[in-house]
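Each remark here refers to the structure printed beneath this line.
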Amino acid sequence: MSVIVLVEHTGGIIKKKNFEAVQYAAQIAKKTATTLTAVVLGNATNAEMEGLGAYGAQKVLHVADTRLNDLHARAYCKALLAAAEKEKSKIIITLHDISGRTVAPRVAVQLKAGIVAGALSIPDLEKGFVIKKAVFSGKAFAYVNILSDVKVIMLMPNAFPAVKAEGKAVVEQLAVSFDEKDFGVKVKSIDKVTGEVSLADAELVVSGGRGMKGPENWGILEDLAKELGAATACSRPVADSHWRPHHEHVGQTGGTVRPNLYIAVGISGAIQHLAGVNGSKTIVVINKDPEAPFFKAANYGIVGDAMEVLPRLTAAVRKFKEQHK
Amino acid sequence: MKILVCISQVPDTSTKIVLKNNDTSVNGDGVTYIINPYDEWYALVRAIELKEKGIASDIHLITVGKANVEPVIRKALSLGGDEAIRIDADSNDAYETAGYIAAYAAQVGYDLILCGKESIDYNNGITGTMLAGMLDMDYIGFATDIQVEAGVAVVKREVEGGEETDQCNLPLVISCQKGIAEARIPNMRGIMAARTRPLKVVEPSKIAALTAILSYELPPAKAGIKMISPDDMDQLVDLLHTEARVI
Amino acid sequence: MNATEPMKAIKGGEFLIRETAADSIFIPEEWNEEQLMIAETCTNFLAQQVTPNLQRIDEQEEGLMKHLMDEAGALGLLGISVPEELGGFGKDFKTSMLVTEKLGAGHSFSVAFSAHTGIGTMPILYYGNEAQKQKYVPKLASGEWKGAYCLTEPAAGSDANSGKTRAKLSADGKHYLITGQKMWITNAGFADVFTVFAKIDEDENLSAFIVEKDFEGLSLNTEEHKMGIKGSSTRQVFFNDCKVPVENLLSERQNGFKIAVNILNLGRIKLGGGTVGASKDVITASVRYANEREQFGRAISKYGAIRYKLAQQAIRTYASESAVYRACQNMEEATEMLIESGLDETKAKLKGTEQYAIEAAILKVHASEVLDYVTDEGVQIYGGMGYSAEAPMDRAYRDSRINRIFEGTNEINRLLTVDMMLKRALKGELDLMGPAQKVAGELVSIPDFGANDDDNLFSKEKKYIANFKKAILMVAGAAVQKLMAQLGKEQEVLMNLADMLIELYVSESLQLRVEKLVSLRGEDACKEQLDIMRVYINDAAEHLAKSGREALNSFAEGDERRMMLMGLKRFTKTEDFNTTQARRNIAAKLIAENKYCF
């Protein structure tokens, strides 16, 4: 009856958002008086897997097939189903990220399980199995009740804290027999964006808009991002003008980010842009137009020219880091 | 090659959400509806491009909704597409919605099913994956480029920390996002043709919803903004550290 | 007049003496799905291609305007009302008006668009022979060729027939050689085809010619520097023995002035639609700014002074729009009737439009003055930012101003409004005398206090409007009687009369629109529209009273003057009404919707 949670890794390294998922799942396990089993696919070290115990997993089922290092919808689904069957799970949890969204709905179909995508809360069991999630691009929340016996939850990254405690999980190997068909999607090439923080996972984001005036000015924005360890992003007009690559575009029709800190530089704050960033915990807006609508959605505002403010902010961050070494 | 494009009707991006019936439903009065941008700009336009290149032979558009979604599906037809199918049901449960579409798609048989990466109303982004599961088809999510040649699709997609190029035999379900195509505006010819293109209404198969929305809630108003002098960035850094606790 | 039954179709100018049934008019709340899709295409085109490039357009970046026109052509927007057999989409007049309205927010692009689809295309479409139409119209409808219209000359503006440009037949009889200078030619910089007006030899009247840009002897001056619409190409066009093949004579010799006048009728009502579209856009910007801008700790939209302005902008725009589409529908119905009676389609369209030339002139004046009002208050709402070239009001304010000047100045159009009305009365097409005498009779009888009138939602406003008609008939009747042949020279009186007619036509159109809207949606869904109607008609009564008094005081005397002034007071009397509260209601809706929403 264990709760199971899918834990992803990139080249064997488990990112923080997975600890969030483990801890979230552990709380649900506790609430439903059962244990938590994490599922790890592909190459991963024992130490990393055992470490999941520190976040509340009692057990790890490891499917060691190296083909699982890449995301394959069918194979991932099969592995999770095998784990669920072994543990007789009624609750299956993944993250609401690329892997989770590729796999979890498929698992739900196989198990005829109701699913909540982008969960923001621990299920409320008093009214059924009710989970809060954002709808209308963050303009409202919905409380969704899962009616089926088996439940699938996709947890929104960065919505739930991960606090490390003591503990070590028991690692068990799980054998799953795959067919050729399970790897029908062949990976031809991978173009990892290296050296930068990936936008979707970033906890800090520095984003530029038309107020940056041109691609030649992005250096000072990147300086700040580097100093903070932040990812860089941009608004739609900037991507459309090819000042920045499309994958940096956040907003209604681009990517959605939910970082702890979103610094918007020279972005006016059209509603379509806000829809992509309104899950951010703290928003700082730098704009020379005091009427920019973005100020209404911001926690901190600076009216000023980006070209002057950005270098000052970068310097202030550097100073802060030296003081807090 | 036959393509099915899944179309969802959503409130216009600038809609202010107002709740009613004791917060159990969203007030639709005066709301302007549009085609979900991911479905329109990316999935549908890419399908049209594949047809213009002679790669696709037929494009069918499918939506689940009552008669009030017809203006939106006809608008989609004005961009392109040979026929539209409306499954006459109303649901915001993904399993139910995907089930209706899968039942129809299984009858017709499509080589490629395209949908947007998510709808901007319920922000689930799971219909495509579910369809693939129900139809036992391969699935590639978050695609930024689709090329098809001789029954093989080459797809670029976003993965953790980068981009991957995949190859897969058809049939295939793909969810589409930014980069795949440029937005188009329906032209007069398309608008006039939309009226004459078939819009089939199909009775839904029997599927029970697995989730139900009990209530809605509006986010609390943002606490007032703190303005900081552009000359005092130390103060900002200090506030981010001590007050917001984000650095 | 009370005895006349409301009838379905009223003829041009008859609004002064007849009632119209609300259900017979078209209201913009009735657009069908296809028309809304076309409107959305226009809006998206502006948002994606035009609005982001307004600055570059105004700087006249090489090739940009032509490119935008090509794009509009690719979307089919340049051939909306051109028949399908000539490469267009054969849509009705209302639909082409809707397109004009939606693209009306495109600043200089709107001017290029209107000039091309209106005066650039229509002369050939309406007056061309089969060969001319086949040769030119499909290319104009697709946008492959761009059109322009050469009427005005340095010394011949409002007095167009006095132009000095001359055409003479070449020795071999194969060409006309045109010599002269044309001024303020919109789209000249990139046009491929010009409709050129010139007198042949010593003719009394103008003739029209189709001239291609590559014809020998045509040359362009440099771009004019203008106050606004800086992105619109405006040049002088020179003709120096310009060789035009004889088959390019448009219509018949000396028929040019008639062409010019009829094409202007169309242009005027189209200008009405375009300026309504521009007004709506400025209102949306004004509301948004008022909601964003905070002073003394509150958004300025919370202050009554600003709310008043927002409400006024919307009231006037909504009123103008009501009249534009009412007239549009009238023109369309008249055209249909003419086609049924055996006239061919293009002739019927021309004649149908001509029948409502009075209304077209009224709309041109009203809508252009509303836009000027709306942009002026838009600047004011923006405050300091309104005066900054970085904010959108600067361009809106400058671009608006031309609308009162081109397509016939508003003064010429006011004169025409009254002139056409009186001419039609003289010709017996419009019975003004009977109703005018009846009003004169009423002046000496005991006033009807209307106690028995049934008390429905609109009875008050209907009564006011019936009285407005009496006021105009009284003043106009007296003016004709007193001034006789001198009236034409008393331009101040003519302006007064025109202003009264304009207020009447717009008030009535607005009342009918709201009445029809209530019948479609119910009273509860039309609260703000009812307020718009009440405020507008309340204000119109005062404008009518003022104009009427000015006119009467200028030519009437003694007891007669006293009697008529008393009559005027009675005919422009309205019950006390809290316009402040009504305006607050209207503004509240705009502010909540954060855009023009009626």
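When the chains are written out, they are named A, B and C in that same order, and each has its own residue count from 1.
One rule holds in what follows: contacts are C-beta pairs under 8 Å (C-beta built on N, C-alpha and C of every residue); 3 or more make two chains touch, one makes a residue touch a chain.
Keep in mind that what you see is a predicted model, and the values were worked out from it rather than measured.
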Remotest chain, subunit B as reference, centres from CA atoms: C
Pair of chains with maximal C-beta contact number: A-B
Distance between chain centroids, defined by C-alpha means - subunit A, subunit C (Å): 56
Chain centre separation (subunit B, subunit C; CA means) in Å: 42
Separation of subunit A from subunit B, taking each centre as the mean of its C-alpha atoms, in whole Å: 20
Contacts with two or more other chains, residues of subunit A listed in rising order: 296
Contact set on subunit C toward subunit A in their complex: 52, 289, 292-293, 385
Touching residues (chain side subunit A, partner subunit B) in the complex: 8, 10, 70-71, 73-74, 77, 97-99, 101-106, 108-110, 112-118, 127-128, 130, 132-148, 154, 184-194, 198, 200-201, 203-204, 228, 239, 246-247, 249, 252-255, 260-261, 271-272, 275, 281-282, 284-285, 295-305, 308-309, 312-313, 315-317, 319-320, 324
Touching residues on subunit C, where the partner in the complex is subunit B: 33-34, 36-38, 40-41, 44-45, 48, 74-77, 79-80, 89
Contact set on subunit B toward subunit A in their complex: 11, 13-17, 19, 26, 37-38, 41, 93-95, 98, 120-127, 129-130, 132-134, 138-142, 144, 154, 158-169, 178-179, 209-219, 222-223, 225-231, 233-234, 236-241, 244, 246-247
Residues of subunit B that touch subunit C when the two form their complex: 71, 74-75, 78, 183, 185-189, 191-192, 194-195
